[in-house]
Every structure is written in C-alpha cells, then in structure tokens.
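Would you mind keeping the following structure in view while I ask a few things?
Naming follows writing order (A, B and C), and every chain is counted from residue 1.
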Amino acid sequence: MLEVRDLSVSYGAIRALHGVSLRVERGEIVTLIGSNGAGKTTTLRAISGLVKAQAGTIAYEGQSIAKLAAHEIVKLGMSHAPEGRGIFPLMTVEENLELGAYIRHDHSEIAKDREMALTLFPRVRERLKQVAGTLSGGEQQMVAIARALMARPKLLLLDEPSLGLAPQIVQTIFKIIRDINQRGTTILLVEQNAHMALQIAHRAYVLETGAIAMEGDAKELAKSDEVRKAYLGVA
Amino acid sequence: MKTLAQHISEISPARAFRPVAVFVPWVVCVLLALAVHFVSPLLVNEYWESVLQRMGVFIVAAVSLNIVNGFTGQFSMGHAGFMAIGGYIGAGVTYYGSLILHGSVGDPNFAVQGTLLMLAGLVAGACTAAGAGYLVGLPSLRLRGDYLAIVTLGFGEIIRVLLELTPKQVSDAAAVKASPIVSFFGFNGATGFAGTPAYANLFWIWLFVAITCVIAYRMKTSSSGRAFLSIREDEIAARAMGVDLTKYKVRAFVLAAFFGGVAGALYSHTGVNPSPTDAGFQRSFDIIIMVVLGGLGSVSGSVLAAMILVLMPELLRDLQQYRLVLYALLLIVMMLVRPKGLFGVKEIWDLSRGDRKQPVGKGGTP
Amino acid sequence: MDEFFQILIATVAVGSLYALIALGYTLVYGVLKFINFAHSDVFVLGAWTSFTVSVVVLNKIADPSGVTPWWVVVVAFLSAVTVCGVVGYCIERFAYRPLRKAPRLNVLITAIGVSLLLQNVGQITGPAVARGPEKTSIKDGQTVTQAGDPLATVPFGASPKSMPKLIENVVLNESVMQSGNLAGGAMRGTVVFDKPVTFSEGRQYRLDVTRTVANADGTTRVVVEKLNLDAEPGTFEPGTEIRTTPRRTAAELQGSTYELIRSPRVPIGLIEVIIVVVSLSLMVGLQLLIFRTKLGSAMRALSHNIETAALMGVNTNFVISFTFVLGAVLAASAAFLYPMKYPGLNQTAHGIWVLLGLKAFVAAVVGGIGNVRGAVLGGFLIAAIELFGGWAYAPLKDVYVFALLIAVLLYRPNGLLGRAVTEKV
C-alpha cells in the first residue's frame, strides 16, 4: 500500500534522513520506533508531503506521491494525525471534526463516519460543543485521531499518540488504535513508547539517526536483545 | 549606563597597550577627516562637495540606525524623527545662539565662534535625540517586530506634527534676547527653519563619519555588541543566557538616536533647511533601505550602501522619476535573492577571510 | 450639540471605512502572522483606479446634461475591486510566498519594499487615458489643433486630482416646510411668498423653485432651481420680500411653484448612508464567510497552524491567496467609497494616504490584530478619537491616534479583543 525507498530529507545543511526504506501492507499496523531525533517524525512528514524529499521515492497504492502537496495527498486517502496533536484550540471539537472531513462532500457518509468516530471515542462526544483548547491532553489526542478518521482514510499516520499522556489514557488510546485497524484502516504508527507500540503492531521498523537499523515482525523485535536493551529498558 | 570612555577601555582589543591603543583610532579619524577636507576640493567641484557632505550625513544616519535595526534586530522605522530632533535643536542653537551672542547670523567674522556653537548644538541635539531614543526604546521591551516598527513610525509622525505646530521663526536679535527660551522653539512650523549658516564643512562631517563608524564597530565587537546580536538572534535564548534585555534594547535605541541626532545636526548645518517632513517616514525609509542593502549588522555595509544610494540619484539624473521605483525593486529583489543584504552581519574585510563566522557569543554580559 | 451629532455621523462613516481597511490587515495577519505594509497602498491604488475609470468613462459618454448614469458607479467600483484583487494576488504570489519560511524581519522589509514600489510606480506620470477638449488656435494664419489637457493618466502621476461626482450627496433628512405659488414683486433678488412663513434662529433654508420658461422658438421648458434664502428669524406675512442667492427678480419668479425646505440641524447625506450600508454589509458578509462556510473554517484553521490545516486537505496556498485577494477587495471597496466623501486625490505617496493606511492599521492593532470584530471596533474607535479629538484641538488629531496605539500596546499588547499569545520557548 505504501512503499518508501531510499528516502533522504535535509533541513538546510543538516541531513535528517539518509536512505530510509519501509513498506506498509494493506490492513497492517506498522510501527516506526526509535529514540528522540532519530527521524521518525521527519519520515512521517515526508510521506504526508509536509517536507520535500531530497532523494528517494514514496509510492502510495502504486502512485508516486513524493511531488504532491500535502492537501493532495489527503485526497488520496491518507490521513496524518501530527505530533503534538495539532488540534485547532480556538475552534470547538465539532468544528475540528468537520475540518477533518474538509475534502469530502458526501454529507450523509460524513455523518456516518462522525458517528463511528464518536462511538470509538465516547469522551469526544461529551465534549463536542467545547472549545478544543480547553480539553485535557488525552482528550485532545482523541480529537486528533477522530478528526483524522473523518477523512475516511485508507492509511492513517499517527505521530506519537502517547506523547505526554498518563499511562492509563495511553492504554485506552492504543486499544482504540487497534479497533480502528480491525475496522479495516491501515496504520503507520510512529512511537517512542516502543513497549506499547510493539504490542499492537504487526511489523516494526527501528530508526536510528536517520536510517533504518532493524525491521521485522513486531513480536519478534520485542524479544530481540538489542531492542529490549535500547528501547524497552530491559537489561 | 557606562560612560563612553569606560566602554572604550573595556572593549579595546589590546589592553596591554591601552594608553596608546585608545587614542590611535581617534587620531586616524581626525587624519581621515582632514584628508577628505583638503583632498576632495582638489578633485571635485563645489557641487560634488555638497554631494560628499550629504553622503557623510547619510553614512552617520545609516550606521547609527544599524545599531538598533541591524545589531539588535529591533526594527525602528522612525530614525528620521531622531535626525529631525538633532537637526532642529542643532540649527536652533547655532541660529539663536548667533543672534544672542553676535546680534546677527552668518557673519564671516563670527565663523569660529559659530563653529563652536554648531558643535554645542550638535551635542545638545544629539543628547535630546538620545533622550527621545530612551523614550522610544522603552516600548521595545514589550513590542516585537511589526508592532515596534509601527510604533516607531508613529513616533516619527508625531515629531513631524509637533514640528509643524512650532511658532514662527524669530529673526530679531532684540526679541530673542528678551525671551530666549520662548524664541528658541520658534522653528517656523510647516515651512521649515531657514537661515542656519553652513558651518558643517567636509572636515566636521567626515570626522563624525569616522567617529561614528569606529564607535559602532567597537560596539559590535564588544561584549555589548554580542549582547545586541544575541537579542537579535533569539530574544528568549538571550534572556536565558543572562542578557539584560531592558538594558541592551534601551541602550541600542539611545545610541542609535544619539548618532541619528548627530547626523541631523550636521545636515542642518550644510545649508539645507530642516523642515517637518524631514521627520516623516519617507526619510526613515531612505535610511532603512541603506541599512538593509548593506546588510543588517554590517557597519562597512551600511557605509557602502549609503555611499551608493547617495551617489546613484546623482548619476541617474535622467531617471529621477524612476529612482524610487528602482530602490523599491532593489529592496524586494534583495530580500528574495540575498536576504542578508550585501554583507549580512559581516564586514567587508571579513569576506576575504572566507566563510569564517562572526564571533557571535551566546549572549555574554560583562 | 449639533456639532457633536454631526461629528458622530462623520465618525460612523469614516469609522466604517477604517474598519474595511483594517479588516484587510487583520485577515492577512490572521493567516500569515505578518503585517502587510503594502495594504494601504492597495487602498490608494483602489481610489486612483476608481478615479481614472470614472474620468475615462464620463469623458467617453460626455453627457451634456452632467447627470452620471448609475452604471458608471458600478463600473468604477468593479474596476477598483478587480485591479486591487489582481494586485493583491500578485503581491502575495511573487513577493511574499517565496519568503513564507523566511525570518519575519525579511518579510517585513519586503512588505515595505512592495509598499514603496506601489507608491512610486503610481507617482510616475504615464500616458493620458482621457483628455479634455482639443484646443485650436490660429497661428500664422493657420489653424493649429492641440491635444486637450490630460484628465487622467496611467500610472497616475504626481499632480492632485478631484474625484468626479458620481452620486449627488442628497441630504436625506431635510423637511419641506411649505409649498405654494410665488407672488409677484418688483425688486431684484427678492421673493414674495403667498403664505406667512416662519424662519427660526440658526437654521438654513432653501427654496426649490419650479417654473416654466419660454424658449426663443415659442416652445417652453421646465426649470428647477435651488435658491438659498438669507432669512432673518421671525414670521413674515405674505408680501414680505426675502433675499435669495443667486439673485432672482420677482418678475422672473412670477407664477412659479415653490417648496420651502429647512436644512436639518444634523444633515445626513446619501453618501454617508451608502458608505455605512455598503461597509456594514461587507462586514456582515465577511463574518458569515469566516464563521459559516467551509472556506472560512479553512481560513481559521490556517490561522492557527498552516501545516495542520494542510493535513486536513486544505489547499493552503489557495486559501492564503484568497485571503489576500479578499483583503484587497475590502480595501478597494473602502477606496471606492472614500473619494465620494473626500473627493481630493493626492499623489500616491502623499502623507495623507500613508497616514490613512496607518490609522487603519492602528485600528486593527487596537482592536486586536487577527480578530475580525476587533478590526471593526478599532475602526470606529480610531475614527471617534480622530474626529472628536480634532474637534477639541485639530492640529493634534494624528497624535491622538498614535498615542492611543502606544497606550493600547503598552497596557493591552494584544489589543482590546485580541487573545493573549504566549510565545513558545
């Protein structure tokens, strides 16, 4: 479904990614783990068109998207819940969700998706009329994911959904991510919380200083010594 | 604030030779001014001498604006206001001073005393401008970027309006002697203040050009200069490193205004009558363009840009109508292709040394 | 007291113009977080465009009756809007877009550059697009025909012009005191009423006279004239003679019908009403656009975070261009209305224009830049301070405005309706 080959990205003179290749198949949850500054977010931003790749190809459903603008990529069915949640704090939760469906015009279908998103996140339903900036971090994250779902994506990119959240809320959110996947949405999940990410993912990539260091089945990676030592904090 | 002498002793590169080293640049300044004064009449006619005078004035103006806009990154758009303050006060001191002391203005027998009066007026004008700079500098603590630009633009306009409201010029010596303080504000409203003798010859102008450049350059390479540059690069980081924002921003404004005042006072002694429009935004823009083209933070860049922009209209007389269009285009194109100006924060002589970065400290306070 | 209300009405009219211009600043600030210094010059461009187009059209149709057809107004308005919209688009596309990620100072300098460019291009005297009548003279026995004086040029040039009167500024709230027939009389410059008339102190009166005049060929035509009355206060019996300007003999007026009209203490002009109505409808329309449409929510999303808006599928470049064009169109509308009230047009770099734009900018800042309602509030506030301050002491009226700006920025840096923005460390 998504195929990234030899992706390189630079910010000015600083090279953030050198030759990252990864693949996401339909129906999977693929996670990209790595430490701070490894280039996880940059990879995701390059895929969704927020930064331009210097080299390499990005193919989505067989079509090259490396040259497309971010808003055109959304129309192809790829939705990106950005790092730090990126909700619109002065708009209500409802308006945030409406913006998620910005590219769509099928009102009855939008209503259905809204219903589905609200079923997944009952907390969001309670807050619909509230201004999004007044929500707690966990609720904002839920709004961000629900909003991304409103575009009815085939591929959902999630950037650090656990960032700054209490462990219990992280549990809830990851359970919902798995639900979303089981309803048929493919997910590419970027996480620093390798422990949680490897639990729900099918396959995983480990990113180190801008390049893929390891890849493989999530369960197996979770057992490998290097990953356990470096990312799971097990001696 | 420290005195100038303290600054100089603090920033002198060769502390071991302080007694000598302190005086060397100033001697050089005087020599340079003498050179310009005596050599240029041999090479050019009177008309071009007046161009050289104007060039000197605008170099002082551009270099001084660079202290606040370039070094410190506080975008001031009211520099013409400071210049006008200096210009009017300076002209006032000379004109009314001559009337009180000598009973007439511009008498050749009074030239020496007149020149002394000009210097007194220059100091008075520059200090008044510096006081205004202090007042304008204060809001810069709370305002950034665009807002500050507008407030300073507004400041210039306020000065213009206030100058337009000044009472009629008094030319009667007896009347001035009778009420000197009231007469002194007789700046003649919107018509402008006429009759100030042209005591600012090439020597004086270029002496101040040299002094301003030396002080600005030393300022830049001193610890204060590093504090200025750190504020410009990142205010929050500068504050975190212990740079006292209040102190340095206000200091930058005061210094810039002081030398802006010097430029104005010199200008009003070159036979050009100061008028309220001198405080307006058009003049401020002229100086901003010089600073931006030369490079925000580059003293030599400002000097060069001021030279070019004063010379250009002289060379392009036929294109007078298009001159300002050309300037505007130059500004836009410069921002698009070379956003740092000709030299950026560097000096002309840094260029030959390759890409060595300016020693921009992470905000060092003394 | 009358003067107070007159100033109040002027405040509402001028304030709505300021508000329209201020909205352009605020809209652009909202999406791009920088002050579009060239905005005031787009406004000036609009005023000159509607002037040039009106002059060209009026010159072409050359209607001897001097009555301006209604469609000239529409054409002038649309051309101002179109020209400003296109220029607004180009400014964003070619000057600002390449700098989208550049430091703010560079954008600020570019904006100043664009502003200077517009001012100075406008000042160049270009070829004439409308000329007055040809001049003929006899020289050495030959008839020499000279081209007429240029009435309008493109670019506009540096000489001041006066906006032609597109709409008659009819006073809407004047009242007809009485009407009837004018009786005869003999003296020059007098009029004799057929009924008693009462004139009161401190009011102005006018006489609209309708009479039939015989032409030389025996036909007749109807003439309507507006005569001013220099009336002493008091009640006048029929037969009392009252002076008029221009002077008309009673014989001339014999047999005419008249309407005696008392000017209101506080006149409300048609143009003021047009200004307020048009401005307010544009403001309401803008409010609806921003808060009720998809495009509006895209604009709001963009104002918070351009990248996240792009992730929602918003075509950010389009929305930004649209916002610029929208701001330019609002400025053009204000620019079309402004010379109707103040017909004197100065050269494009004239201090008056720059100050006008600055005041509108101050309005946007005082109200809270980025805030649509704030811009409107600020517009009225600035107009009030300027006009009422000018009433108290006129020479300082510009100073009041900037003093207000500085005070607001120091004590409420985000403006009256603005929200506090904390800078991330």
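Here, contacts are C-beta pairs under 8 Å (C-beta built on N, C-alpha and C of every residue); 3 or more make two chains touch, one makes a residue touch a chain.
Worth saying up front: this structure is predicted, and the values here are computed from it rather than measured.
**Student:** Suppose every chain is reduced to the average of its Cα atoms; which one is closest to the average of all protein Cα atoms?
**Tutor:** Of the chains present, the most centrally placed is C.
**Student:** Write out the two chains that share the greatest number of C-beta pairs in contact.
**Tutor:** B-C
**Student:** Cα centroid separation between chain B and chain C, in whole Å?
**Tutor:** Distance between chain centres: 40 Å.
**Student:** Just how far, in Å, is the C-alpha centre of chain B from the one of chain A?
**Tutor:** Here the centre of chain B sits 55 Å away from the centre of chain A.
**Student:** Using the average of all C-alpha atoms in each chain as its centre, how far is it in Å between chain A and chain C?
**Tutor:** Their C-alpha centroids are separated by 53 Å.
**Student:** Using the touch definition up top, name the residues of chain B that touch chain C in the complex.
**Tutor:** By the definition above, chain B touches chain C via 73, 75, 77, 139, 142-143, 145-147, 149-151, 153-155, 157-158, 161-162, 164-165, 236, 240, 277, 280-282, 285, 288, 292, 296, 321-322, 324-325, 327-329, 331-332, 335-336, 339.
**Student:** For chain A, which residues count as touching chain C in their complex?
**Tutor:** Its residues touching chain C are 48-50, 69-71, 74-75, 79-80, 82, 86-91, 95, 98-100, 102-103, 147, 151.
**Student:** Once bound in the complex, which stretches of chain C touch chain A?
**Tutor:** 294, 297-298, 300-301, 304-305, 307-317, 419
**Student:** Can you list the residues on chain C that touch chain B in the complex?
**Tutor:** Residues 34-35, 95, 98-99, 102-106, 108-110, 112-117, 119-121, 123-125, 349, 351, 354-355, 358, 361-362, 365, 395-396, 398-399, 402-403, 405-406, 409-410, 413, 423, 425 of chain C touch chain B in their complex.
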